[in-house]
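Okay, got some structures for you below.
In what follows, chain A forms one complex with chain B and a second complex with chain C.
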Partner chain A sequence: MQEVKHADELFKDFKAQSISEFFKKNAAMLGYTGKIRSLTTIVHEGVTNALDACEEAGILPDIHVRIEEQGNEHYRVSMEDNASGIPLRFIPQVFGRMLAGSKAHRNIQSRGQQGIGVSGAVMFSQVTTGKPTTIYTSTGKGPIIKALVQLDVKKNLGEILEKEKIANKWDWRGTIISLECKNVIYNKSRYSPYNYLRMTSISNPHSRITFIEPDGTRILYERSTNLVPEPPKPIKPHPHGATPDDLITMASNTAKKNLSQFLSHEFVRVSSPKALEVCKSAGLSDKMNPKRMTWEDAESIVKALSSIKFFAPPTEGLRPIGDEEIRKGLESTLSPEFTYTITRAPQTYRGGILFVIEIGLAFGGKAGRGGVELIRYANRAPLIFDQGGCAMTDAVKSIDWKRYGIRDIEKAPLTVFINLVSTHVPYTSAGKQAVAYEEEIFNEIRNAIMDAGRALSKFLSGKRRLYEKKSKMNTLLRYVPETAQSISLLTTAEKDGISEALERIINEKYNMIVEDEEEEPEPQESEETEGEEY
Partner chain B sequence: MQEVKHADELFKDFKAQSISEFFKKNAAMLGYTGKIRSLTTIVHEGVTNALDACEEAGILPDIHVRIEEQGNEHYRVSMEDNASGIPLRFIPQVFGRMLAGSKAHRNIQSRGQQGIGVSGAVMFSQVTTGKPTTIYTSTGKGPIIKALVQLDVKKNLGEILEKEKIANKWDWRGTIISLECKNVIYNKSRYSPYNYLRMTSISNPHSRITFIEPDGTRILYERSTNLVPEPPKPIKPHPHGATPDDLITMASNTAKKNLSQFLSHEFVRVSSPKALEVCKSAGLSDKMNPKRMTWEDAESIVKALSSIKFFAPPTEGLRPIGDEEIRKGLESTLSPEFTYTITRAPQTYRGGILFVIEIGLAFGGKAGRGGVELIRYANRAPLIFDQGGCAMTDAVKSIDWKRYGIRDIEKAPLTVFINLVSTHVPYTSAGKQAVAYEEEIFNEIRNAIMDAGRALSKFLSGKRRLYEKKSKMNTLLRYVPETAQSISLLTTAEKDGISEALERIINEKYNMIVEDEEEEPEPQESEETEGEEY
Partner chain C sequence: MRKKSPNRKRARKRKVRNISETDRKLVKMAQDVLRQIEKGHPPSVEIPQRGLSNVIFDDDSRILKMGDKTSKRSFLNIAHTRKFMQTMLVASYAQKLVKDDKHAGIRELYYALKHSVGSSKENTFEEQGESNIIIEDLERMLDLLREQMNLTADRRGFIYGDIEIFDSGDRFNASKLGRGGWAVPGNIEDIKLKKSNVDYVLVVETAAMSDRLIEEKFPKDNNCLLVACQGQAPRGIRRLLSRLHLEMDLPVVVFTDGDPYGWYIYSTIKQGSINLAYLSNTLSVPKAKFVGMTMDDIETYDLKGVTEKLKDLDKKRIEEELKYPWFQNRKWQKQLQKCKKMGVRIEQQALANKSLEFVAKEYLPEKIENKNFLP
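Showing the complex of A and B:
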């Protein structure tokens, strides 16, 4: 029998590691896996940051992305935005420290949400090339700051290696991040920066994106609207979503001195009378100092909150794409025969986290990808990886498409577009490419698709009737020569004249029916219909 | 036009958060999503830690898991192991600090690997119940320590709220973790702790697991071998896997004073003469202090390393399950008609990270789950969630099963068992339920399945021939009464006697053929065969 080792020996190697060390070792969790995906991840992190920054500052985004080849599997990626710029003292934190940022602790819709992404890009660059990342930034007045930033992985801290002030003759405002990376490949596949930017442009019609490919090709995604979206607003939590742990955390941070004020101030939709009602129902004094709240008190408050009705959370803080914009995007890229889009009413998950589902369905034309194509977005950022592990995919798979006239889903020219908008997207991983299962989100996606499916079904059954009529017409037309011949023999009239007359009659009759139908479609319960096989 | 906000205003909310805050907000990334999965995740974290601890200490695992119902969706989970125990001063770090542990920085096969899991369980308990976790532990001599541990989420630090020393009259050695959790559900589904433990027992035949369900049912998974697996050994990195960044990191930690000693000491398979060869090929002095290595030096060394041949990495540090044990597991749980198992030769990915693929294929009996069932393990720990996002699933899906005689994969009674063993499993998420795509791993899984598929194909084509012969035999037997009647009329012999004789001849002929076949199967290139539809 082998020797049993004592704990003291086993624990001598015990150590803590920093979050940066963790993600360096597990770079796949940030999306750095595969040569194509790694490059796209860098672009994704830069562009989502740029769009978030413009939106928060109330600026129409004008974004430039340039990828230059520097050698074999070796590129430089530069990304420029025209947002607010970054004050010098925040540069090391923004680009060199993971889990630092202004978004994670606010209840606000954003693409970034975590404060990991762009530091991850800086780290990937550093680990593959040994070089720091170059930042140019200006807040509009004063000089442009140029800084070389790197990440102290062990300490998870950003370091500025060199900095320089450049006279800002142009009153330029914005940020440029420029970094090199190795072991990556550029191409134009669906997983490439090329497609990523195309998809970003569809979901951000207010943005102008200029992309310069390694071969010098310049691609411009022009904005289709000049309307600056209003900056997303922080939304206070809704009382129905609160857990005891939330209450205690909020109480430890509040400036309010008594329970009822605490409740009406920290939550949305809790008026002063409602707050008093909650205190009473929880059996607690409304004068109680919230900092003295015990776990049992918090549980009583949660119980009281859940038994009282409040208005639904306000939604003006959310920024969906809008069904019109989704329709435009699908029609311009897919030229489908049929399009249906909807921005649904806001819902909440886990009791209180606000979200909106937007759906687009496109059929025919260039829709589909040898079967259903799924286009996923979260807070307007394209999700192009990890489709198999995403709750959106599961929702689409759970649909019984036969009910909507699609008999062979493996061959249908069908594209399903989904955008999930929320103050907190429940990603499965720090790489932010797949949404975790939350029952309410899953159901809402299903319901939205089923709505769209009913419209599709109507379209398809109309299309089928049209097809059947055309078949009948063609059959009749095939008999025209024979019939004309017979009539000619019986009546001694000219055969060609009879043929022409018959053809005219048939054409008129069937064209008329088709037009009739378009004006007044036959009412039918499409839910029960099995349509044509496509 | 709305007002453009200045950077100073936008950055006033900039804050850093701790890794614990991050995972509290994104608990789905740790597997805390859904009421059933959350409970299973807790059991998973406790049991993988227990098995790792036993293995490292060289102890046959004897693990007790008890789940008690405490109220509606409210349970207590207690897990006991007989491993080395935990010295008092490490308790706060083991249970209350994320990214602390003895595994992450060593190149060693383990289930845990990250140093996040069990602190995540403590946090989930705390967040849903407001209560600390109770730990009992003893290193064998001296008292049993009882400690109440909680996590300071903001600081990512463990705190001991209370501690007590209990006389250890029984010389008990091991650790008990006992915690409460709310918003969870216990059942016996495939996603439950019940199935998780059943699957763990299959892949860890040296472990005894006692499980007490909430209704008091006691389930014993007895060990099927008394052989203690040798503790996995740290494996030094292989020179072919090194990146320039690895070299610089290793150089900053080494005690060696010159480059050639550094290389031969820090890498496996690099002898002193090989190290000199590397230095020469890299154009660097072998006397150079490794701490002075520049990025360019490191790149030269990587280039030199990749141009020189080294022995494959040693594999004695890896602990696969073994094909015999996999066969036993599949046969005892599925009673299949056909089983094929193989533990493949070790491979490396990313140039140098060692891994082994084990495959089991079971056909017929209880195999399959209305189509192919996939059973995934990584380092012997069952992966029961996130199947859709796992490279193992993609590898299985990429197989053209028709080539192996499976015509309708949606209905085939087929189970595919995969275990990936490695010093570093490339998980897609901190929840450790899906493996990221790495080309070498993907290909190796495919090759292993194709090997197994060829064996399956042979089995199925034999089965098909058997079926065809039986059909022919039955057809002939059907004509016996008529033929006997005719012969009887022609020969005036007794009809019944003729029937019997004919039946005997037919039976003998076909049984003989079948036996023949079993002894000497017809050689055939099964890769090209399309077998029977199953």
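Showing the complex of A and C:
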């Protein structure tokens, strides 16, 4: 008979699992499922970091990505950017720690929202090859620092195994990440780094991306605008989005000594009178020290906040790509016949979280991949995987495309580009590959697509008319030689002369902008059959 | 000895005139089109409409005539272009045939003219039905028989009887060719009807009945020319009947099965057909008479036991035939209604029930002698 163990015994072996360790076992959540996908995710993290860093520094990004084959399913990935470089003391944190990152606690729109990104790549490299990641970085005015970085999973810390200072003869500024990884495959499929970089270039027209493939091919995605997008400004949260946990955290960090000042300072759109109103509604003294806030107090405050009306949040914190920029990106990459782009007005979801939807629709040319192609972006970072589980995909599928002239969406040369810009993108998982359903976001995407659809439908009907006109003209011209020949035989007139005259008559008809003639087929009567006549 | 009909002389002259008339008509059509093209106008031709809505039954002459509804076939109208091209194509080929004095079957024309249009995968004609229709269009448009354009349909049917014919250098008597008689060619425009020693023409629907009559020596004993049409009378036979009637003044009597299909055969011999309404005057014998089988015959000759049930198609036909203008007389209406009521049909070969000889020795001679006909 088995002993009944006492709780103490059981808990002797209980080890607190660090988050890093947790993610090690759950690499899938971070995007490391599948051999192609893992490689793409590594590139994604590096490029995302580079773009964010450049933007913060106000620099036009110059990003180089190189993938070299080292053996079977064994590659070295190197990524270089021209951002401001990383000071030495921050290197372990940037590359070796999950949930760290300078962006996590600022309410700004950023690509690498949760700060896990590039550390995951370091971890993947370590786990598959046992080797550390090599970092070269310089702020421009000092030496180049070369560091070998490794992740200590149990301590959730990055470790520098070796470091070296190299003279910066070139005044080089930026960061290079170079790591090896195994169990990955490179190709040009949908989920490949190749496609990822192609899509990134569409949504970041201000960036120049150079990509060197394993076979040595060099691909350059040149920038199509010199406009550096302004970095998003940190903004304060809106009262309608606060949770009790947020309040407690904010309260413990605040410098304000009384509740009403705390509220009006920490939140946007909360004026002093409103702050007093909130305190009253929550049943708390407005002079209370915020640091004394209890959980129940926080709950009362949240309830009070949600019941009071506040102005909509300001939009400065958000940086959409811009419809002109999206248009440039789509046109230069896809050369479509028709493009429509729009950046819609800001909306909120879940009571107060700001978001903006941008749509681009490209038809014809190189648009589509045999059928409709959906390119999803969130905060200007592409969502490559998990298309089926994304609310954006659902929104696109929910459209009745026939209304807009697309008879079969599975065969149409159509690319739909959607960018969701928000201070808080509701991803479905830590993998950041799909957007969760939020009613306001879903409806806004639908509305934007319908706008685009209406424009497309106008284009298509015009195009169809033109196409029909052209094909009618071609049909007629096709019959000219035969007809001219017969008439020539019967009348002994010159065949060429007749052909030319007929062609002239046809051209005259079809180059005039006239109403389409009534084209009635000849009346067909059903007759009595006499029996077969041969 | 029958008097030589003045029509015979006319028939000979008609042939010569026909060649140049055909050529003239075809060329004129093309020249009209050319003139339009030279003026920069989209070329078109007017074609009389085919079908029931453009056919009228002329009460005086008692034949079907073509109405004067036309439709415009325009090169620039996408729905017509192909047919326009085909019309010119067939016309030019027909003119060539006539000039070269050659004849072609309508299936040969289809093959001769079938080729790809330019470099596309499309052909001038995809199937023979297309070219057949164009031939008919030209006939209507130019008031020409296809035979005048040297185009022939397949032949069917034969004749047996004491009549002299001259055809392509051969001179023969149709009662001296053995029991098979003379197979009627698709195009009989060029044959010469030389001499006839018969009193009338008997058109018989089935070959079997024809053979029966020949074996019983009916044509000889009754001084008639037997024409076996073998179902729906083809063009060669109908032209022949028309010529026999007009050139040799021979009355035409028709003998078919006693069913709606047989009566329809009779009506096309007599009135022409809807499709070829424009040719009624040259392809029909309005004065033809019908000797049998009729519904009355069933009673008169006690044939109740050898009738067969009507098929659904037959029943449908009766309804249509009741409305035909040329059946709008008391006698025919009576027979049609009787057939409908009795729900049966009586084949001509059912007369064998009496005896093999019955039809030749009693039924036909009696009825014809007594002019027991339906109009």
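Assume the second predicted complex is superposed on the first by the 400 of 534 C-alpha atoms of A that agree within 3 Å, B and C clash if a C-alpha of one lies under 4 Å from a C-alpha of the other, contacts with A are read in each partner's own complex, and residues count from 1 in each chain.
The definition used in the following text is that a residue touches a chain if its C-beta (ideal position, glycine included) is under 8 Å from a C-beta of that chain, and two chains touch if they have at least 3 such contacts.
All figures in this text were calculated on a predicted structure; none of them were measured in a lab.
Chemist: Using the touch definition from the top, say if A:489 reaches chain B (first), chain C (second), both or neither.
Modeler: second
Chemist: On the A-aligned overlay, A:4 touches which partner chain: chain B = first, chain C = second, or both, or neither?
Modeler: After superposing on A, A:4 lies in contact with chain B but is clear of chain C.
Chemist: With both complexes overlaid on chain A, does A:215 touch chain B (first), chain C (second), both or neither?
Modeler: In the superposition, A:215 contacts neither chain B nor chain C.
Chemist: Of chain B and chain C, which one touches more of chain A's residues?
Modeler: B
Chemist: Quick one: classify A:85 as touching chain B (first), chain C (second), both or neither.
Modeler: Only chain B; A:85 stays clear of chain C.
Chemist: Under the stated touch criterion, which partner chain does A:410 make contact with: chain B (first), chain C (second), both, or neither?
Modeler: Neither partner.
Chemist: Between chain B and chain C, whom does A:57 touch in the aligned arrangement: first, second, both, or neither?
Modeler: Touch partner of A:57: chain B, not chain C.
Chemist: After overlaying the two complexes on chain A, where does the chain B footprint on chain A coincide with the chain C footprint?
Modeler: Shared contact residues on chain A (touching chain B in one complex, chain C in the other): none at all.
Chemist: So in the complex, the part of chain C that touches chain A is made up of which residues?
Modeler: It comes out as residues 26-27, 29-31, 33-34, 37-38, 40-43, 47, 49-54, 71, 73, 75-85, 88-89, 91-92, 95-96, 105-107, 117-118, 120, 122, 124, 128, 132, 153-154, 231-232, 234-235, 268, 273-276.
Chemist: Which chain A residues qualify as touching chain C in the complex?
Modeler: Spelled out, the residues of chain A in touch with chain C are 472, 475-476, 478-479, 481-483, 485-487, 489-491, 493, 498, 501-502, 504-506, 508-509, 517, 519-528, 530-531, 533-534.
Chemist: Would you mind writing out the residues of chain B in touch with chain A in their complex?
Modeler: Residues 1-8, 10-11, 13-19, 21-22, 25-26, 28-29, 33-34, 53, 56-59, 84-87, 90, 93, 97, 99-102, 104-106, 114-115, 126-131, 139-140, 228, 230-231, 243-245, 248, 295, 298-299, 386, 388-390, 393-394, 424, 426-431, 434, 436-438 of chain B touch chain A in their complex.
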